[in-house]
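A quick write-up on the structure given underneath.
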Amino acid sequence: MKEIGIGMVGYAFMGRVHSQAWRNVSAFFDLPLTPAMRAICGRDVEATGAAAQRLGWASAETDWRRLIERDDIDVIDICAPGDLHAEVAIAALAAGKHVLCEKPLANTVEEAEAMAAAAAKSTAKSMVAFNYRRVPAVALARAVIAEGRLGQIRHVRAQYLQDWIVDPDFPLVWRLQKDKAGSGALGDIGAHIIDTAQFLIGQDVVGVTGLTETFIKERPRPDGQAMEPVTVDDAALFVGRFEGGALGSFEATRMATGRKNSLRIEVNGSQGSLYFDFEAMNELWCTAERGGFERVLVTEPHHPYVGAWWPPGHGLGYEHTFVHEVKDFLEAIATGADPQPSFEDGLRVQRVLAAVEQSHGHYVGI
Amino acid sequence: MKEIGIGMVGYAFMGRVHSQAWRNVSAFFDLPLTPAMRAICGRDVEATGAAAQRLGWASAETDWRRLIERDDIDVIDICAPGDLHAEVAIAALAAGKHVLCEKPLANTVEEAEAMAAAAAKSTAKSMVAFNYRRVPAVALARAVIAEGRLGQIRHVRAQYLQDWIVDPDFPLVWRLQKDKAGSGALGDIGAHIIDTAQFLIGQDVVGVTGLTETFIKERPRPDGQAMEPVTVDDAALFVGRFEGGALGSFEATRMATGRKNSLRIEVNGSQGSLYFDFEAMNELWCTAERGGFERVLVTEPHHPYVGAWWPPGHGLGYEHTFVHEVKDFLEAIATGADPQPSFEDGLRVQRVLAAVEQSHGHYVGI
Amino acid sequence: MKEIGIGMVGYAFMGRVHSQAWRNVSAFFDLPLTPAMRAICGRDVEATGAAAQRLGWASAETDWRRLIERDDIDVIDICAPGDLHAEVAIAALAAGKHVLCEKPLANTVEEAEAMAAAAAKSTAKSMVAFNYRRVPAVALARAVIAEGRLGQIRHVRAQYLQDWIVDPDFPLVWRLQKDKAGSGALGDIGAHIIDTAQFLIGQDVVGVTGLTETFIKERPRPDGQAMEPVTVDDAALFVGRFEGGALGSFEATRMATGRKNSLRIEVNGSQGSLYFDFEAMNELWCTAERGGFERVLVTEPHHPYVGAWWPPGHGLGYEHTFVHEVKDFLEAIATGADPQPSFEDGLRVQRVLAAVEQSHGHYVGI
Amino acid sequence: MKEIGIGMVGYAFMGRVHSQAWRNVSAFFDLPLTPAMRAICGRDVEATGAAAQRLGWASAETDWRRLIERDDIDVIDICAPGDLHAEVAIAALAAGKHVLCEKPLANTVEEAEAMAAAAAKSTAKSMVAFNYRRVPAVALARAVIAEGRLGQIRHVRAQYLQDWIVDPDFPLVWRLQKDKAGSGALGDIGAHIIDTAQFLIGQDVVGVTGLTETFIKERPRPDGQAMEPVTVDDAALFVGRFEGGALGSFEATRMATGRKNSLRIEVNGSQGSLYFDFEAMNELWCTAERGGFERVLVTEPHHPYVGAWWPPGHGLGYEHTFVHEVKDFLEAIATGADPQPSFEDGLRVQRVLAAVEQSHGHYVGI
């Protein structure tokens, strides 16, 4: 089997889960290319070395430029904060490296445009890591809709609810800083539901109106030495229209006490509906023969990605979405296909994020 | 026990369920006033007479003015379409009759203002029939929030999803005609979630932005003789702000295939959350000691209204909300208290409905 | 419309809910006979009189023999404790009165045999009040099974879980006394799941093995003056076989903390399965096209009994099962059909209860 | 870090999932011993070699005796069918190798006794792979019960429902042959619920009565050449008592159409209850402050095993139970503690299985 060298930037949450994907994908899927985990890259020498050993990477680098230069590395996997995405991705693509980039694609529309342009120009493959597309239940949902089983789509109702910053003492981590993260709930999790919605119904959002809010205006710095202003939103709510005439209702918040990672989406069509909630990620609810919603346990061998794993009823977890992601990416590289979602898809999401921020405040008083 | 004479206008869906409430309330609640079902009023002599007999009314009238004139009638219960609300209610209040009026209060803000003014001037009592306030689970939810158990309220997520007009052959009944109903999903079911949201958190909506849509532009007339344009919305989606700083996300649609009567509302506060769906009306979900949602079966004797009924676990149905409504109305009349929700509350909802319609189209294109 | 005179024995829980049924059935169903609530019977003059007024009965009696003698009474509705069932029912049937008798039919197999014999001999109609057969979802489940949609039935898994006597201070009410109630959870709620199981699959239980237990051996008398031994079971568990080869697993307990009135039953067949839980009584879960369970909201006009009530999604409550029961009983009387479940059905359940008690203790030690 | 050599027998379903555990455990848990995947053993040279490569084993063996002899192997992991368990385990223990053995421990009580005796005599560690103990939700449930939060335990209601042999054309695989598997649903999945029940409440089963059934009497051989009798049960149902006075209700079946891998267990105590279903493996339902069941998403850092993985709401899958299993086993080896569940625990389960088979047929006819 032909090997392909992987280099990864970042070793925090996303780095750990991407590593898990690269480490295991070949044990479950028959792939044309076997990923070799060549190097992981971080700023801190010691921490990066420890991460390399623990996560299974053969070497460690402290400069992402060096990673791109290495001849034994064919793929750059970007798991760093958003402010690094554009620079790393554009350099990697220019060097002919394939790029898998975490979401949201960038911190601004301008960066995203530059990245999409670089991708278009490069012979290398690029993909943005909207991993929820690779939940088997979500992939099944798309297939059901694509087959026309729901008829004409009329409503998408998408929410991404978390509660990890409800505590006002939770510190000002990078995800709460505009210069690092671009935006707050909007870009971090709102981006996921925009992409998932567009993916599911095969229509792009064409207009939105909404609002954002920062409930807790300042938080302690991570070093605990001072309070500093929170520069991103805690929540974003918007409604909009899709190009095909469907209506969308969106809500992304990190302040939904009791909701941990509830990416939930319902699609209503003229002939049927379906519903998904990531907190029960192995289930898809589809309208069925008696007019109610059928709880489909998406663990059958014929369901997307599932045949590679365990028998029916033996559910998968969060990390499996990343295994599926790298599997599809490797197959695209091997066959020359364009991996999905593309940087162009990522740019489109970025434009919706920007429109939500622009629409803010246009509301009618009572 | 002192009797109080009831006269009702209308004998369709709302008339049937209000009759059930008047007929049974005294068997379950100890009331200071016993309702006597004196007369029902409709345009068709024969049909009204048949309804009187079947539903337990002592007589039938064909002119609502006559109903108001009758000395043996103290309460006018308005179950007619929205275009009649203002005229009947104002006349009844002027004649010193108590008025229970179906929702939405009126078809326009102007009508609602006139009704609220008439109510303010009258010595008689008036109430708008937002019956969902009287679901025991909703009443419990309000109590939980009022006690401060959820902390500061940040999110209200309210949807009212139905699917009874998904079929394009469904005829153009009065609820689909603007002159009769004022608006479509917006006023019929959107009004319910606005009222329920405001009731639950004790804050009024102060601004909205959103959109409405009519997916099916024309439908057969009830007589089947021709197609006619649908003059009301099929769906309304909007987001907004409450006076206390909470954000609201609202969606009312009759096009949510597979959702039958799903009035669902979630409230997130800084300390906890709760969730309700009318399709499982005996359940309230509240965050609990381990951080998850507890399914509370609202059938305990100490829960609101429930002590009058059956042992724990023996659930109530839709019609019981109306029994509770007339029970509260009769008690208010007897004690001289102001029944809730007032016509003023109904007017406030009307203003939100109007603002949603005005906001329509203010969205930002992608 | 022809009237039929009703006389009821008992005015406690069952008396209240039966009254509700008689009072409302004609407002919803077109019946050949209109029930006239002629008399209610209890031992205490004053309390019976008050109950008559509150519940809508025209008169009160204090001797059930007198009730049977009255010419204006055609139906005797027995809502008294089990130790009275046989005597009242046999006397009523001998007098040519139709009898609706609460469950379990009797306190012993011998009494039940005498009652079934009396019913067989009489020209009057008789019915045992296993009301759960009249839950629309249960009636729909039976129809689904009868149509063969589940194929050959292999498993019935039936539980009736309550928790109202978990508190050791809960007093020794009549339902906890063998001389009044015959048995405990076994006869009170175990009887319901045996009947429901046999009804659903159309097969009788032919053999059982199991055990019963009384966890709390003595309790305060209702007057609080002394502790007395509990003479009935708190819980009964058994497994068994049906005549057609299906296996049954049964559990009835009043000690399932957190379960209020959870009559739950699952049926597995070679082609499909279904599931019901009374705590969500408007739902039936049926396997559907994708192999999962579909949550059917049994509130559509074409579902059993539902057309008489409200639009889809507007659920019914506990008491409606009794409205359906008296509706079916009245129709049987009018048409001369044999009402179901018959006293013979009640006797069959009684035999299973007795076999469970006999099997007790036959277990194999480890 | 010190390495410990692992050798595994078998590479089918259990072999694949054990491999996944050995391959990943060190990336998530800080362990005193690092497992080195030295050799996998199977009868077919070619297939075993391919499995070794795919699953990450350094070498392949075709004779389990050879595996035991190898000096670089410290742990024998037995993933072979039940008829091999006793022989391999006893030999391995005699050679001083630690043994992790799949469940049920053996095919007969006699074999299990010999294995437990060998384990008692050996200085090496041994453990039986009842993996469901290591579902975080199950481990949390045990902790809740051990803390006394449920009070005195009264009921255990345990079911393991599958449907993979509903189709009569499903072939006679080894799990359907008594000489290979010992028994059918009883030993395969019934063993799991017996162990889980005993684990959860800390009480052993002391007596049972029940029945077993084989619905489909013969099936095609895997080669499709002939029909052969099914020599194991399709389903086993039993009730019993625990040493501390709790009652147990058990059901294991492979014929529950629509249930894929539903290991469900409810425990009722005098103070509270809890409920778990493996089909939603990241959830534990515990009674909470308002008397209902709280859905606890067992994905918080303080929950058992969870801190090693992902943020709240990012659920785990089936395979993670095995990662936790080998983690605990390695820690026990390193610290000299006795791993749980022991071969003695496995023997105890075996005795319950045997008692169920003996009790068969002792039922009372109706």
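Lettered A, B, C and D in written order, each chain numbered from 1.
The rule is simple: a contact is a pair of C-beta atoms (placed from the backbone, for glycine too) under 8 Å apart; a residue touches a chain by one contact, two chains touch by 3 or more.
What you are looking at is a predicted structure, and each value in this text was computed from that prediction instead of being measured.
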item	value
Both-way neighbours, i.e. chains that touch chain D and touch chain C	A, B
Furthest chain, CA centroid comparison against chain C	A
Residue-number overlap at the chain A/chain C interface, same or different (half cut)	same
Between chain C and chain A, distance of the C-alpha-averaged centres to the nearest whole Å	54
Mean-CA-position distance for chain C and chain B (Å)	35
Overlap residues in chain A, where contacts from two or more other chains coincide	259, 291-293, 297
Residues of chain A defined as touching chain D within the complex	13, 17, 19-20, 23-24, 26-27, 54-56, 162, 164, 259-262, 278-283, 297, 299, 310-320
Parts of chain A lying in touch with chain C, wherever the complex brings them together	286, 288-297, 300
Touching residues on chain D, where the partner in the complex is chain C	150, 154-155, 157, 159, 163, 166, 204-211, 213, 215, 235, 237-241, 245, 247, 249, 251, 253, 255-259, 266, 268-273, 287, 291-293, 348, 351-352, 355-356, 358-359, 362-366
